[in-house]
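In what follows, a single structure is set out as C-alpha cells and then discussed.
Note that the chains take the letters A, B, C and D in the order they are written out, and that residue 1 is the start of every chain.
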Amino acid sequence: MVKFLPLKEAVAQNLHDGDTVAFEGFTHLIPTAAAHEAIRQGFRDLTLIRMTPDLIYDQMIGMGMARKIVFSYVGNPGVGLLRRARDAIENGFPRAIEVEEHSHAGMANAYEAGAAGLPCAVFRGYRGAGLAAVNPNIKSVTCPFTGEVLAAVPAIRPDVTFIHAQKADRKGNVLVEGIIGIQKEAVLAAKRAVVTVEEVVDNFDDLHPNLTVLPNWTIAAISVVPGGSHPSYTHGYYERDNAAYLEWDEIAADRDRFQAWMHKNVIESSAEDFAGRVEHLRKAA
Amino acid sequence: MVKFLPLKEAVAQNLHDGDTVAFEGFTHLIPTAAAHEAIRQGFRDLTLIRMTPDLIYDQMIGMGMARKIVFSYVGNPGVGLLRRARDAIENGFPRAIEVEEHSHAGMANAYEAGAAGLPCAVFRGYRGAGLAAVNPNIKSVTCPFTGEVLAAVPAIRPDVTFIHAQKADRKGNVLVEGIIGIQKEAVLAAKRAVVTVEEVVDNFDDLHPNLTVLPNWTIAAISVVPGGSHPSYTHGYYERDNAAYLEWDEIAADRDRFQAWMHKNVIESSAEDFAGRVEHLRKAA
Amino acid sequence: MSDADNLGFTPNEMMTIAASRALRSNDVCFVGIGAPSAACNVARLTHAPDITLIYESGTIGTAPDVLPLSIGDGELCETAVTTVAVPEMFRYWLQGGRISIGFLGAAQLDKFGNINTTVIGDYAHPKTRLPGGGGAPEIATSSRQVYITMAQSKRGMVEKIDFFTSFGHGEGGDHRKRLGIDTAGPTLLITDLAIWKPDPVTKEFTVVSLHPGVSLEQVQATCGWTVKFAEALDETPAPTELELKTLRDLQARTKAAHQGTAKGKAA
Amino acid sequence: MSDADNLGFTPNEMMTIAASRALRSNDVCFVGIGAPSAACNVARLTHAPDITLIYESGTIGTAPDVLPLSIGDGELCETAVTTVAVPEMFRYWLQGGRISIGFLGAAQLDKFGNINTTVIGDYAHPKTRLPGGGGAPEIATSSRQVYITMAQSKRGMVEKIDFFTSFGHGEGGDHRKRLGIDTAGPTLLITDLAIWKPDPVTKEFTVVSLHPGVSLEQVQATCGWTVKFAEALDETPAPTELELKTLRDLQARTKAAHQGTAKGKAA
C-alpha cells in the first residue's frame, strides 16, 4: 500500500544501483525533482528508459549514472540536441553507454504491453526503417488470419517508474490530467511506482469519473513536491519554462559549465527549492 | 463530415441488408432507439456484433433480422436468459442463426484492434476454455522473445456502428461519459458510425480535456433522440429501468406475446416516443 | 433442510456471509453479479472496508449503496475511484495481473472447479443456450485466485460439465501448469451448505467446513459427485448479528431500487 | 538569394506559406515541430479553418494561439477537442489510418523522400548523434500522404542519407508496395526555394514550381543530387498580405511566449 514519504526517502527506498528505471513525462509533468534526488543519491549503472529523454536524462547521463538508455527521441524538444547524451554516445564521456532505440510507436506499444501484462507488443511499424536493422529487440509476428507481418517489441517492465502528477487525495489515489502521455502505462508496467505531486487534497469526490486516476494500491510512494516538474510544467499549476530549455542548450554544451551548474542547482540543492523556481510561472488567477 | 439527421434517415442512409453491424453499449448507453428504427425499416441478413447482446438483440433476432451473431455474453444482465435468442439458437425460430462466440476479453481486444487498424488482436486468453475448440476464429501467435503462446482473434471491423451518447456540440463532436464501455473502439473500428444523443449543446469549451470525445470527422450521422437508450440509462440524464428488464423476461418467453409487444412498442411507435418513456426515471434535480 | 425460521438465517444468507469472510481489505476483487456481488459488498461494509471491488464494466474501487442488477449500473460508476474503458479493464487490470480474487458463480460446476455457463447439451445443438462466459474465461486464468459461490444441487454440481466455459483445475493435479496457466485457480468454493477447498495434490474440492445444522448427508444429496470430506471438519460460525443486518439491509435497499421506478417516482 | 528586403518576404516565409496552401479544411494532419507546425497553423488561420491538427503528445483538433516550442506545450491541450494518452494516439489515430497528412521535417533527405534525423556517420559510432525519429517511422508509413518541408542545403539534401529514420519511396518505383506499405508516402516537398512532387513512375522528387525570384541554378546549387525539373515549371504565387501578416503575427506571439517568463511576469 502507498506511503507518503519525503522525496529523499521515497527515492532511497525504491531505487537501487543497476535498476531499470523510467522517469516518464511527455513534455508535460516531467519528474525533474525525483531525477535530481536520484542524482544527489548518486546511483550507478542504471538502465534509463524514456520515450523522450530530455534535460534530466542529459543530466543523469552527464553525471555518469547510466549504463544504457532505451528511448525513441533523445532531444531537447523544440531546441535541438542533448549535448551530454551526445558526448556519451559519440565520445564515451564520462562513460560509454549502451543504446536501445525505438520509434515512439514502438515505445508506446511496449509500455502498453507492460501495463497489460503481455510479454511483447504487436503493431504495424518500422517498415523500411533503419532501426529494425540495428535493434535486435525489433522482431516480427505474422497475423494468423491475414498473413500480414507485424512488428513485435518486448514489453517494457521497469523496476521502478517515477512520474509527477497534479495531486493525490489523502488515501493516496493520484490524479494525472492534461497531456497524460504514457504515465499511466509507465506506472502500471513497473514493479514499483513513485509519484511526486503538487499537493494533497482531502478527497476526489468531485472528480469526473473518467479522469486518469491511479488507485493507491498501484503506487509505492507519494512525495509532495510543489514545482517538482520544473522546467517542464504542470497543467493547472504553472507554465513551461521555455527559457530554461533554451538556456540548457548552452549549459550542456560545455563539460565544465555543466558540472558547475549541476553542483549549484542539483547537488547543493533540494526538493524544497522547486517551489521557488515556478513562482513566476504560475498564471494570474 | 458528420450530418445531423432525423433518426429515420440516419439509419436508412447508413445501414443496409447484409451489413455487419454493432449496436454497442455496455449496460449503459444502449442504443435502443436506433435498433428499433432498424427493426421498423426491416433489414435482413444482418451480422449482429456486440459484447453483451441484450434486449435489442433479442428483439432483432426474434424479428428474424439476423443471419449471424458475434458476442461474448448473450443474456439479460442480472435477470437471466435471452429467450428469443435461445429460440433461434435452439430451435431455429424464426430462422436459424450462425453463432460466433468469444470471451469479453476476446471481443474487447478485437474491437481495440479494429480501432487500431490491426488485422488481429493478441492477448493472453482462452487457456483451457472450451470456446477455443468451437470457434475457428480463435488462433494463436507465439511471442518471438519469450516463446509464450498467446491467443489471437481477428479485428472487428463493422460496416456500421450505432451508439448512444450524452451530447453533441453544434460542430458534431460527441461526448460519452460514465461507463464508457467499448463505444469509442466500436465507433473507430467501424466504416461508418451513427450516434444518437440526448441533446445538442453550443460547444464543449468547458469540458475537461481528457474526457471521451469523438471528433466530428469520425462520425457519419448524429440524431437527437432524448431517452434513446431506454430501458438502459444515460448517466446524468435518467436511470436504468430495471423493472423493464425484469418484465422483458416474461414478454420474450412467449412467441405471440413477443410479437404483440413488438408491434405495439416498436413497429407502431417512433423515435419520438422515447422521451416519454424515461420521464419517470429522471432524477430529482 | 434448515431455514431462517429454525436458525435465524437462510442457507443463502450463510453462503453469502461465509464468502464475505474470505475477503480482506487489501484484496482486489473482480466481481461477478449475484451472490459474488453481495458477498463482496458485505465484506466491504463489515470487516474489509478498504477492499477494492472491480466490475467488468470498467468501474474500479466502487462502493455501491445498493447491489447492481447488471454489471454496469450507474451506481457503480458514481461511487468508483475511477471508471475506465472495457478494453483497458481487460488488458491493464485483469490481464495485467492486478486482481487478487476473481469471484465467479456457476450454472454447472465439477469437482475440479471447472465451470459451465455456456450450454446444456451439445454446443452446436444445445438443449439450453445459457448466456455464456462473458469475462469468466480470463477471470479464471488471470486472477491470482478464484473463489466460487453457488447453491448446491445435483443439476448444478455434476461429475462432468457440458462445456468448459472457464478452466478450474481441469482434470486436477498440475493441469493448469501444463497449459501454461501460472495462477492458482479455484482455491475456495462456498455453497449454501459448506465451505470447500481443493486438495493440495489432486485439486479435487473437499468439504472443510459445514454450515450450522448441515449434515454430511445433505451435502452429498445435493451434489452430483461422490463428496470428499476433510478429516477435521469445521463448523462454519453462524452469521453474526452485524453480518446479517448488513446483508439484509443491503438486499432491502436493492429490492426497493430494482423496482426500477422506485427512485424515479420520488422525483 | 532573395530576401525580405527585395521581395517583401523571406525564403523561409515563402516555404511556410507554400506549405500551408497545400492543406485543406478536411485534412487531418499529424504535425511535427518547426516549419510543419507553422505551416499547419497558418493554414488553419487562413483558408482551412476546420483543419484537424494532431500533435503526437495526444492533442487532437488543437488550435494554439502561439506555436508550441515542444510537441507537448500546455496551449495544445487547452485548445484541443480532446487529449488522449500517447499509446492511443499511436494505435487508434495514426496506425488506425485516420491521418490524411503526416507533416515531417528532415535533417537529411534524399531524392526519394527518405529522411534521416538519427545520426550523421555510422550508427554504432556516429559523428553526430541527432535526436532520432520519434514518431516519424510510423508517421511516414501510416499517414495517407506525407508532406516534407526543409530549407535547402547540400548538407541536408544528399544523394545518400546516412540512416533511414523514416521510409519515403526507398529506392523509388514500387519499393513501398514491395515492403507491404499501402500508403502513398511523400507526395510533396516544399523547400525555401521550390515545390517538388515525386515523378509518378520513378518517385524521384521533381521541381514543379519555383518560388518568386528563384533560379534553377539556385535550386541545383543547394541540392546534393542532380535536380530534375518539370517541363512546365510554375512560379509559386508570392505570399498574400493576409498570409504574411498571419504568419508574422503568429511568430511574434510565439517569440513573446517563448521568452518563457513573458506571461508569468504579467502575473
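Here is the rule we use: a contact is a pair of C-beta atoms (placed from the backbone, for glycine too) under 8 Å apart; a residue touches a chain by one contact, two chains touch by 3 or more.
Please read these numbers as outputs of a predicted model, since none were measured by experiment.
Counting hops only between chains that touch, subunit B reaches subunit C in a minimum of 1. One inter-chain figure worth recording: subunit A and subunit C are separated by 41 Å, centre to centre, where each centre is the mean of the chain's CA atoms. For the pair subunit A and subunit D, the distance between mean C-alpha positions equals 28 Å. In subunit A, the residues that touch at least two other chains are 112, 116-118, 123-124, 148, 178, 180, 185, 209-212.
The multi-chain contact residues of subunit D, meaning those touching 2 or more other chains, are 77, 83-84, 91, 95, 142. Every pair of chains meeting the contact definition is listed here: A-B, A-C, A-D, B-C, B-D.
Residue ranges of subunit A in contact with subunit C, taken from their complex: 1, 112, 115-118, 173, 185, 188, 204, 209-213, 215, 217-218. Within the complex, the subunit C residues that touch subunit B are 33-34, 56-59, 68-74, 76-77, 83-87, 89-91, 94-95, 118, 123-138, 140-142, 163-167, 170, 175-176, 179-181, 257-261, 263-267.
Those residues of subunit B lying in contact with subunit A across their complex are 116-120, 122-124, 137, 139-146, 148, 150, 152, 154, 177-178, 180, 208-212.
Those residues of subunit D whose C-beta lies close enough to touch subunit B in the complex are 26, 28, 52, 60-61, 77-78, 80-84, 91-92, 95-98, 142. In the complex of the two chains, the subunit A residues touching subunit D come out as 26-28, 51-52, 71-75, 77-82, 85-86, 89-90, 101, 103-106, 108-109, 111-112, 123-131, 134, 148-149, 178-182, 184-185, 212, 233, 235, 238-246, 280-284.
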